[in-house]
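Below is one structure; the comments refer to it alone.
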Amino acid sequence: MSFDKTKKQAEMIREISGVNPYKCMKCGKCSASCPSFNEMDIKPHQFVSYVLNDDIEALANSKSLWKCLSCFACIERCPRDVKPGKLIDAARQLVVRERDGDYLSADQIPEKLDPELPQQLLVSAFRRYRR
Amino acid sequence: MLKIAKVDLSKLYAAIAETADLFVPAKTAGQTNYTLWSDETVVDMDTLKTVKSPKDVFFPQSENLYTVNKVDKKYKITPEELCNRDFVVFGMKACDIQGVKVLDKVFLSNPVDSFYKARRDHGTIVALACGEPEESCFCKVFGIDCAEPDADVACWFVGEDLCWKALTEKGEALTAKVAELLSEGDESAVEAKKAEIRAIVEKLPYSNLSLEGWHGDATKEKFDSPVWDELYKPCLACGTCTFVCPTCQCYDIKDYDTGHGVQRYRCWDSCMYSDFTMMAHGNNRTSQLQRFRQRFMHKLVYFPANNDGMYSCVGCGRCVDKCPAHLNIVKVIKAFQKEEAAK
Amino acid sequence: MPMNEEFKPKIVAFCCNWCSYAGADLAGSSRLAYPADVKIIRVPCSCRVNPMFILRAFEKGADGVIICGCHPGDCHYSTGNYYARRRMAMLFSMLEYIGIENGRTRVEWVSAAEGVKFSTTMNDFVAKIKSLGENVRLGDIRCKN
Amino acid sequence: MQELINRAKELLADGTVARVLGWKKGDMSYNPEVAYFNNAEELEGFVYNGFCAANLSKYLIEASKLEGKTLVFLKPCDSYSFNQLLKEHRIDRDKTYVIGVGCKGKITVEKIRDLGIKGIESVEIDENCENITVKTLYGDKTVAYADAMLERCHVCKGKEHVVSDEVIGESRDTVDAERFAEVERIEAMSPAEKFAFFKAELSKCIRCNACRNVCPACSCRKCVFDSTKFDSAQKANVDSFEEKMFHIIRAFHVAGRCTDCGECSRVCPQGIPLHLFNRKFIKDINKFYGEFKAGEDAETKGPLTNFTFDDVEPCDAVKGGN
Amino acid sequence: MQRIGVFVCHCGSNIAATVDVKKVVEIVKNEPGVVHAEDYQYMCSEAGQALIAKAIAEKNLTGIVVCSCSPRMHEATFRKAAERAGLNPYMVEIANIREHCSWIHKNIEEATEKAVILARAAIAKVNLNAPLKAGESRVTKRALVIGGGIAGIQTALDIADAGYEVDIVEKTPSIGGRMSQLDKTFPTLDCSACILTPKMVEAAAHEKITIYTYSEVEKVSGFVGDFTVDIRKKARSVDMDKCTGCGVCQEKCPSKKTPSEFNRGLGNRSAIYTPFAQAIPNVPVIDRDACLKFKTGKCGVCAKVCQAGAIDYEQKDEIVTEKYGAIVVATGFDTIKLDNYDEYAYNQSKDVITSLELERVMNAAGPTKGHLERLSDGKHPKEIVFIQCVGSRCSDDRGKPYCSKICCMYTAKHAMLIRDKYPDVNVTVFYIDVRTPGKNFDEFYRRAVEDYGVNYIKGQVGKVAPQPDGSLLVQGVDLLDNKQILKKADMVVLATAIEPDPSVRKIATMLTASIDTNNFLTESHAKLRPVESPTAGVFLSGVCQGPKDIPETVAQAGAAAVKAIGLLAKDKLLTNPCTAKPDELLCNGCSACANVCPYGAITYEVKLINDHGIREERRVAQVNNALCQGCGACTVTCPSGAMDLQGFSNRQIIAEVDAICR
């Protein structure tokens, strides 16, 4: 991936998420709060440094994107208003957008629904596939 | 005698405006005053008296004299250009024209006021006889005939027409320029109109006001009269009478700092104002009585004393209409009459 | 003004000595940039700002005037900014009433500790004035040339 | 009217007052002037009718300096100005004797002329102030009293005198318009329309200072616009910002002190509705700081020399915010 | 016309790097009135000041403009320099081309242009300056200290030792403050009460010190050297003179269910109480909200048992009015409320406590008599987790953006003390950074790790979950190991952020002392005047100005005392000559100015006035220069412009406006 493209993607992530990764003081509270921590290859607090270092490719290929439950615990508890969950969400959107055409429309969702699914997952799914 | 149909007047205005600036009475925000004519102007020839007299066409309320600019530590003076464009004032009444004659006495005698003179030279006056004189008018008292205005061109509204008669060279020149809009008019109809106007003038309440005792030699007697003591009291010391007056010619010279330089300008002043003729040592008229007296003494005594008996009041009656305290030159004259009678 | 030239507004900021001027100093020592279009006049208190000064600034060609004082309750003179608040509320309302664009005038409370606020306020105000463009309604024509 | 003259004569005779401040018959039926009457004989020239619009309270500033008491006739609305001047220590209550006079609304010849009536020879007002008969050089006309009334009477403050030593005569309720309707109409305009409206009105201004000089709130010994002290003196009319500055600052200086007596608009030779400035401030004051009637009493602190901790912020005072 | 000299300072490269100072000099030379202009490396230096003096003498200058740093920095310096050179100090104006120009602009052309405009404005102003002379006001030789904690006590002792009267106003029933609640102090681990009590006793015994406990400052008026303060002595319901401090009333009081403020609510106290055993004064107060006598009318036990007859149910609040020359604020701190931090389960579990609560738990006079036990079941804990930065360094509105400074050290202290006394207890500390600058501080922290085996984990805790078995499940992260940690703990201790005592807002308003966004009092200069408030005569002591530990607090307390002493030692103060001045000829006598004057400095007098030949008696405004502080409120309210402010006159400000707008 070219340098310029990476830069642009990092910029996009910042724009979509509205997050200023420079505000992070590396306290780790996001990772401490994360219920999916153990399943993630790139941990929530590391997301911030990946964006800071414009290492978007690694992020995009990370399985963490799909392990995040969008429970917002990190967003809720982040003391510096960095909100790593938004970064994850933004990275996810970036990937989804690049897939192009592979969108899920709202009316496709009911058939895929399992009544046993927890609400939170639904919300998360919406956020993942809505656009 | 020429004429033009009233409905065609806008064509006449447009024709005049092609070669000169045209000033006409026009109504803006409910009031009629002289303004520079343009396509959008709502010309108002029906209102007898504009609020302000047309004097500021020749002697503007404010005008720049010169500009001083600073270049490093030196000063550069740029005089304001004199009026160099012909203009026409349309619709002036006989009293206002007499007012200009009063101003001529002041500004055209030595030392000549070059700004005023340039405007007089470039200005052509188209006068309009007063169709419906009003109760505050008293021009007759000063020997003015409002049926027969004395200007470059005189006009009368007769029926559905405006009758037009050039009286001077300037008037002829203007007539020539608009000749194709004019046709031959009826002299006798105009004469009838004049008679009609004069008949109304006779009936006006102030037309027989006596100026007895008011002349250039009456300074001491009038100045010291106790009548002033009570007369001035309702006066608010505003400048309305002086600013609507066609003859008041006092001005102040002031500087305005534009940030890039200083503009020295003159603007009308009013003898009613507390800072009128303020000098370094102070003011030589410290009470409103003195300021009030100054105005009427000037109009009826000092001015005739210096100008072969010419009064600097023309009986237009604007001050009668506009004084917020209902004071005016007529009441002053009447008060003195009453005092004389009592003696 | 030529069209190709960027509009450089003239902006007068009245700052009270005790809070806002010190806030501006803090913005300075913290190197928090704001456009050079802003020129600060030091007054003892926001209550020293006479509406005449504001109209005068507009008359002479200012495009925006901002008044900064201590936060209500924190006035060095205890009550000055309360008076200023009423005066400016009235004046601004009148300016709006006669058809002057909203936003040419502003009051902002900036404490001595709010260097960041001072800087962001000025950046924001300059941006607002730039969006409004040159002040044509309040200026004196004589000052324009 | 005769009752007023009789009472004035009494008070002069028993030495309660040294002079009477009232209105004197003019030389036309519509132009009475303000006058002092020093004795019974002079009082024969006294007049009180619909044309006696002048608010006499401001004249008391000078009258307070004279020896002895001055009897003054105040209409209900004038009494507010009187109180306001008392509050500002500009007049001496002990040197005035106030007779409140009834008022059925005041009229002006300007309004009659506005109806297209020219060459007025005389004006007669009927007993009940319902109709006016105008004799003119061009025929007789009848005008409804209300059509000749000053703007201020259509939004009259009320029939009560807020201060007086005695009251003579009945007043009439003349309100038939909404006081702030015009202000609201302007407020609803777009900025460009507002600007155009005020530009058209104010460009008529000839800087004659009549509005200022008649105003009971503009009682400064020397106005800032006359003073050479601050480089704020103005005299020129340049059809530019100067007039606006004069009128805005004047309105600001009288804000919270203006009783809305309407004299400014009455005297303006160019018919500028100057009260629209003052009334805007009154409306704002009422809205932001609570109902306030300047001159209702002679003690309450004015809204601009007062505050509360949670006053409206200037940015919220304007409609769109700042 | 003035003869003005303009002096442009390079301030090393601070100004000169962004402002072309030579060009500024060249341009301002042509300004009206300017007869001299030059630049110099450092105008504030001896040599720079000498340049100014030389120019004043040689060029006969009548006014000078210094283009330099903020007038708040060096206006006084240049005024003094001008005065030494024979010029009135108020003929000096400063154009602030550093803070307001060079430091915030990058473009040299733009910054230079702005510097010229700022200089022009100052020149335009100085053209209209007039010499002013400072007046004098007297100094009341008595100081007020607001707050009776260690900061207030130390300040009071230092001022009193210098021979001046000092009053301490303390809102609680005893002096002592937060320090009296602490068990041990770092880094020496000596007992807090052992070092504090002697100071308290000394203050109480000092003949120059008067202590008002259970009292609050109600109203402050006046100004530096001459403050008048109303102190509300709340009704104690106990006669201070009669009470012997025997304590029987407290024993016998039947109402014993009120949470003890001193023990942070971890234990109860009686309705009549002294907060702690060593309280000074050792005179109890009756908490009228808790007392049965006040609540029901029935009881009166304390009055019955008091042999001295000191109980007085009728006592009323009393207002004491006193004059002071100087006021020291020492209002201290409290810990923040943790209501917004649900994740730490503070409100859910009794075993999650704040560090200040742990101090009480560890203290022998505390609710557990000094035994480390779980407050839920009294069991001895085996596993304790400390969480750092709870509410500190937070940029959202749940906490505070600043570092509370003392937490790292007291947590190390707690961990060490626990490990020392109970070696069977495991202690884990979750931290973001360990901040230990200070003498012997880092050594102290390392001892906790190295000698006492405290487990420090770099990373935050995300959640504390109370378990059904009564334990606490702590979910944190070890950032160095990149692992999430789940730890079962018996107790969790939160290093809670500190904030200024809430009472400070009201006090700051009364004193017109400025306060920052975090409610810390603002110092006059962050570096050079750290113990003075911008409000003259008001000094700052202790945490009310910013987070500090005990040694720093004591040091600042001493510094504040010295500043106050420096003020009290003067007999007279020069007053600000920039006061309001009425023009009697223009004054209408309308009283508008007097209505808005916050100092009551304006009165009216009927005087014979000669107005250009008109002689008449007029009511005209008079300004008391000692009272006027120069705010200018009166000048704007005056419609005729009769009232003007010297040094900031209408003409001067208009001239500045014109210069900027041209």
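For reference, chains read A, B, C, D and E in written order, and residue numbers begin at 1 within each chain.
What we mean here is this: a residue touches a chain if its C-beta (ideal position, glycine included) is under 8 Å from a C-beta of that chain, and two chains touch if they have at least 3 such contacts.
Keep in mind the model is a prediction, meaning the values are calculated, not measured.
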| item | value |
| --- | --- |
| Required minimum of steps from subunit B to subunit C, each step between chains that touch | 1 |
Contact clusters after notional removal of subunit E: A | B, C, D
| item | value |
| --- | --- |
| Co-neighbours of subunit C and subunit A - touch as defined | E |
| Centroid-based (C-alpha) most distant chain relative to subunit A | B |
| Pair sharing more residue contacts (C-beta pairs) when D-E is set against C-E | C-E |
| Chain with minimal offset from the mean of all protein Cα atoms | C |
| Chain centre separation (subunit A, subunit B; CA means) in Å | 83 |
| Length of the line joining the C-alpha centres of subunit B and subunit D, rounded to whole Å | 30 |
| Mean-CA-position distance for subunit E and subunit B (Å) | 72 |
| Contacts with 2+ other chains: residues of subunit C | 51-52, 56, 60-61, 73, 79, 83, 87, 140, 142-143 |
| Junction residues of subunit A, two or more chains touched | none |
| Shared interface positions of subunit D, touching two or more other chains | 222, 224, 230, 232, 238, 304-306 |
| Set of all touching chain pairs, with the criterion as stated earlier | A-E, B-C, B-D, B-E, C-D, C-E, D-E |
| Subunit E residues within the subunit B interface of the complex | 30, 32, 612-614, 658, 661-662 |
| Of all residues in subunit D, those that touch subunit B in their complex | 26-28, 31-36, 54, 118-121, 136-138, 200-201, 203-204, 206-210, 212-214, 222, 226, 228, 233, 235-238, 266-267, 269-272 |
| Residue ranges of subunit E in contact with subunit C within the complex | 70-73, 96, 98-101, 103-107, 110-111, 113-114, 117-118, 121, 508-509, 512, 514-517, 522, 534-535, 578, 596, 598, 629-633, 635-637, 645, 648, 650, 653-654, 656-658, 660-662 |
| Residue numbers on subunit A that touch subunit E, as the complex places them | 23, 25-34, 37-38, 43, 45-46, 73, 77-81 |
| Contact footprint of subunit C on subunit B as seen in their complex | 256, 258-260, 263 |
